[in-house]
Amino acid sequence: MQLGIIGLGKMGGNMRTRLRAAGQEVVGYDTDVSLSDAKDLTDLVSQLAAPRAVWVMVPSGEPTRQTIQALAPLLSEGDIVIDGGNSRFTDDQAHADLLAESGIGYLDVGVSGGVWGPENGYALMVGGDKEHVERLMPIFDALKPPGEFGFVHAGRVGAGHYAKMVHNGIEYGLMQAYAEGYELLAASEYVDDVPAVFKSWREGTVVRSWLLDLLDRALDEDPELAGIAGYAPDSGEGRWTVEESIRLAVPTPAIAASLYARFASRQDDSPTMKAVAALRNQFGGHAVKSKDESQ
Amino acid sequence: MQLGIIGLGKMGGNMRTRLRAAGQEVVGYDTDVSLSDAKDLTDLVSQLAAPRAVWVMVPSGEPTRQTIQALAPLLSEGDIVIDGGNSRFTDDQAHADLLAESGIGYLDVGVSGGVWGPENGYALMVGGDKEHVERLMPIFDALKPPGEFGFVHAGRVGAGHYAKMVHNGIEYGLMQAYAEGYELLAASEYVDDVPAVFKSWREGTVVRSWLLDLLDRALDEDPELAGIAGYAPDSGEGRWTVEESIRLAVPTPAIAASLYARFASRQDDSPTMKAVAALRNQFGGHAVKSKDESQ
Amino acid sequence: MQLGIIGLGKMGGNMRTRLRAAGQEVVGYDTDVSLSDAKDLTDLVSQLAAPRAVWVMVPSGEPTRQTIQALAPLLSEGDIVIDGGNSRFTDDQAHADLLAESGIGYLDVGVSGGVWGPENGYALMVGGDKEHVERLMPIFDALKPPGEFGFVHAGRVGAGHYAKMVHNGIEYGLMQAYAEGYELLAASEYVDDVPAVFKSWREGTVVRSWLLDLLDRALDEDPELAGIAGYAPDSGEGRWTVEESIRLAVPTPAIAASLYARFASRQDDSPTMKAVAALRNQFGGHAVKSKDESQ
Amino acid sequence: MQLGIIGLGKMGGNMRTRLRAAGQEVVGYDTDVSLSDAKDLTDLVSQLAAPRAVWVMVPSGEPTRQTIQALAPLLSEGDIVIDGGNSRFTDDQAHADLLAESGIGYLDVGVSGGVWGPENGYALMVGGDKEHVERLMPIFDALKPPGEFGFVHAGRVGAGHYAKMVHNGIEYGLMQAYAEGYELLAASEYVDDVPAVFKSWREGTVVRSWLLDLLDRALDEDPELAGIAGYAPDSGEGRWTVEESIRLAVPTPAIAASLYARFASRQDDSPTMKAVAALRNQFGGHAVKSKDESQ
């Protein structure tokens, strides 16, 4: 089938390639004219036959919002807009409502796969009406990994981004668990060959996983992770997951610990621990380490 | 090669079967005579030709200690004892020292695989001297999963149980991360089909793993986990991991959170939260829920 | 000076009493006519001489919002509205902006003191313009505890509620710390008289505090807290504090742990731990506790 | 009454002073002859009339153990030894048993007060037999703060150090809670004068405490804590508290978070976060920060 894609960066561009390889017809638009198949959004829409499907794959937040607002008047009743970016699930209903005013459908799709998507396929979590999902199935089938897994129609509008958000929250917890185990092994006087231990776990253990395979790969490249600083950004989905745990009163201590570990990793000095050190000094006469000493 | 196994319970018994299927000669001893190939330890030892190898597969702590103490005088210089149970790594050096007095070697082996071992093979993490490891390689090769992974000589005496302990600590964190994500999805008004979301993650996602496959299996059997109480025992390795984090001053917040979640799951009522409720009542006049109301 | 108070519940009513005892002139309004000094908001405003000051003391969120919206057209340039309720700090700027359109000033005040306020005075944390704060100082002085502490002009509009929010977040952490210590002492085989230990800490220790005094009081009334269920609601400020920790990327693990402990205290059964139990059963053949057994 | 004190460092020396000011007769021994009233332990014992009481105030662990072992043969039936150091409660029964062989009594005393003890008195938590406690009451009364609080006979041998351990665990949690609140206030764009907010909380609030008074004092001296590094040692009691939480299966998430925050404060770079960064790089192609960049 025909699909318009807006945003041909690393993700959108690779998806265009995978779709075309699967025999789908893709018209892509990007502000980078060297990548784009259309001059502008109007041109993109004009190259698609109604009922159209346009996949928005731009940064979440304002860029996605503006793109959908710009698309709305260009599309027609019966068309469908898909937001495949990393939007917060709370943005989706507003987009669906805006488009519904013109009879345009809306699907939100959480996409997992990153740099491995072109090779393995993209896992897709979809929210929206069943009829819209069914219309897009040829596209979803072309993008998803071969086999029986990798696609779900998770629920109503917002459910796709919601499922992806929780996926990423879990991912934070999994990474933190492996990483804490790594630090323990590296700190212990018992284990000589930490990378070999991780490698051995890739079969027959309870902890085998794709993330473990990747950690093994990283340790193959740099057995002591000597070239990597202990500094981890966070993208948004981890924060939203913890925010959801608060809204829903669901205790998520391991995921929250993982998020906080990332926050802490980005601090040069911890104001919290400055206050703790100041208190210790006040009541116990314990010496504090001055800023100068600690550097 | 020849191997004596002491303890033919679920683990030891299945290992005997797997070893025999691989052409190894196994003499097993168990207090359950219907399982045992030997009348007693003396008989077991007498059925093995020197230099012998005897694999102890009994509960950790006192039973393992007593078994090794009973074995020591029965064995001869050049023999090897293997502790394949879930012993704390701190027990191993004492066992090695005791046996070394008689010139007997010692290996500690962390074994992963549980009920899946007979089908997939057992992952093995081994601590001890290289020469002892090499002597036992035919046994290790027969037990481990086929393929390049699943076996590691992790380091000196204690390193095998140490690696297994950290493996289990990581496992606690992984399970907790998936479980927290499960609760969020189940609590949310967005996602209709929680089991379908987990199933979809089995390909193309960052969180794919064997544990995820198992959770999918559990949800196939009971989509709302309605028949399962939120009650989780803990075995020892999780506790030891957190104790090690304290000894080594390594922060492991996600693993500790996972352990504490299990502790909390086993409490009918939380004394901590009784004290919090009492305090709220004192300063704010907030009503407390009496024991009767809460039931 | 003259002050209008809207909302004469436990807090507002006690504040009226304290202000009058200090010689201030208060006109109160409440929907409960038995408490009210005015028929309605119009009557309240008409009983005050310009420039007026009206203190809103109603539940946060919609009730506060509606009250301020209703007040705006009744007041005149130069008047001041004070929100003394438990509003989220993010509500304040909108209220200030709305009122500023009519030249009306706005202060947000975090009030601490609860049921002890009438006896000890109310601690006040104020956000807004300096000129507005200065106008209200006679009221603040009458409400606050005697002595040099208990009042702060914390910063711009929102700063009062912000400081109160963080105060409550800290309070969550303090309560949790005492309560965890309580549970340890109660669980230990060493300490015979747990209440006596807490009582002894009230002088000479690092942990002495007003909360400790209250816990001692609670233990005097019920030494084993036998009549209190381990069930703790949360009010909003704790959640907002953790949400702020996410917005500002500040790790607050102890406060978040305290909030999660309250969430967990309100669950009959934990879906997270159901999933953990299901996983243990899958990989280890560990028996699960059925829902029936656990009751 | 007469008391021997072994160890005249900051704590022991100040306690001698306080006891003498209260009219008690103290013979002190220290390896520093300029402080000591006795040539050696034998001389110390000879200066005391039976039945004697000797207070050991030396570093916990080996020094305390050796001192008690050296004292045992010098003392007589009916004498009492008091360990007032920061010993782990698990050391106490062994000391009591050793001394009991010679009919010598034993008390363990957790002492709180630090540099403030000489001014405010020392809070005392005592474990041991009632008859021994009663014999020492004149000393305890002289050391403790004036007023009704500050002393408890907490239980059997070990209970004094146990109560002190939990006291310190709580202290960790309290400090962390204030410190996290400090960081939030300092990070926020709303609050202009963070020290003023803390100062204001000293009356009328739920969070007022001696620790808050000390934090106010520290902020008076250095309003931005600019001269203090975010680096906090930990003494032992915090670790033991978390170890006890594991032994007793009591969830103590806030106290454990406080301990881990101290561990993290002492790391230049976090191996855990290096592993997280390596994983992010592997699956997402996210750039890692090299060690060089991060400095």
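We call the chains A, B, C and D, going by the order they appear; numbering starts again at 1 in every chain.
Everything that follows uses one rule, which is that a residue touches a chain if its C-beta (ideal position, glycine included) is under 8 Å from a C-beta of that chain, and two chains touch if they have at least 3 such contacts.
Since the structure is predicted, the reported quantities are computational estimates derived from the model, not experimental observations.
Peer 1: Could you let me know which interface, B-D or A-D, is made of more C-beta pairs in contact?
Peer 2: It is A-D, judged by the count of C-beta pairs in contact.
Peer 1: Any idea if chain B and chain C meet via the same residues, over half in common, or different ones?
Peer 2: same
Peer 1: With chain centres defined as mean CA positions, report which chain is farthest from chain D.
Peer 2: Most remote chain from chain D, centroid-wise, comes out as A.
Peer 1: How many Å are there between the centre of chain A and the centre of chain B, using C-alpha atoms for each centre?
Peer 2: 33
Peer 1: State, to the nearest whole Å, the distance from the C-alpha centre of chain A to the C-alpha centre of chain D.
Peer 2: About 46 Å, centre to centre.
Peer 1: Would you kindly tell me how far, in whole Å, the mean C-alpha position of chain D lies from that of chain B?
Peer 2: 37
Peer 1: Spell out, as numbers or ranges, the residues of chain D touching 2 or more other chains.
Peer 2: 114, 176, 178, 180, 183, 187, 206, 210-211, 245, 250-253, 257, 260-261, 264, 270, 272, 283 - these are the residues of chain D that touch more than one other chain.
Peer 1: Which of the residues in chain C come into contact with chain A in the complex?
Peer 2: Going through chain C, the ones touching chain A are 206, 234, 239, 242-243, 245-246, 249-253, 256-257, 259-261, 263-264, 266, 270-272, 283.
Peer 1: For a test of understanding, state which residues of chain D touch chain A in their complex under the given definition.
Peer 2: 10, 114-116, 175-176, 178-180, 182-183, 186-187, 210-211, 214-215, 217-219, 222, 225-233, 253, 261-262, 264-265, 269-286, 288-291, 293-294
Peer 1: Which residues of chain C touch chain D in the complex?
Peer 2: So the residues of chain C touching chain D come out as 89, 112-114, 117, 120-125, 127, 144-145, 147-156, 158-159, 162-163, 166-174, 176-178, 180-181, 183-185, 187-188, 190-193, 196-197, 199-212, 241, 244-245, 248, 250-255, 257-258, 260-261.
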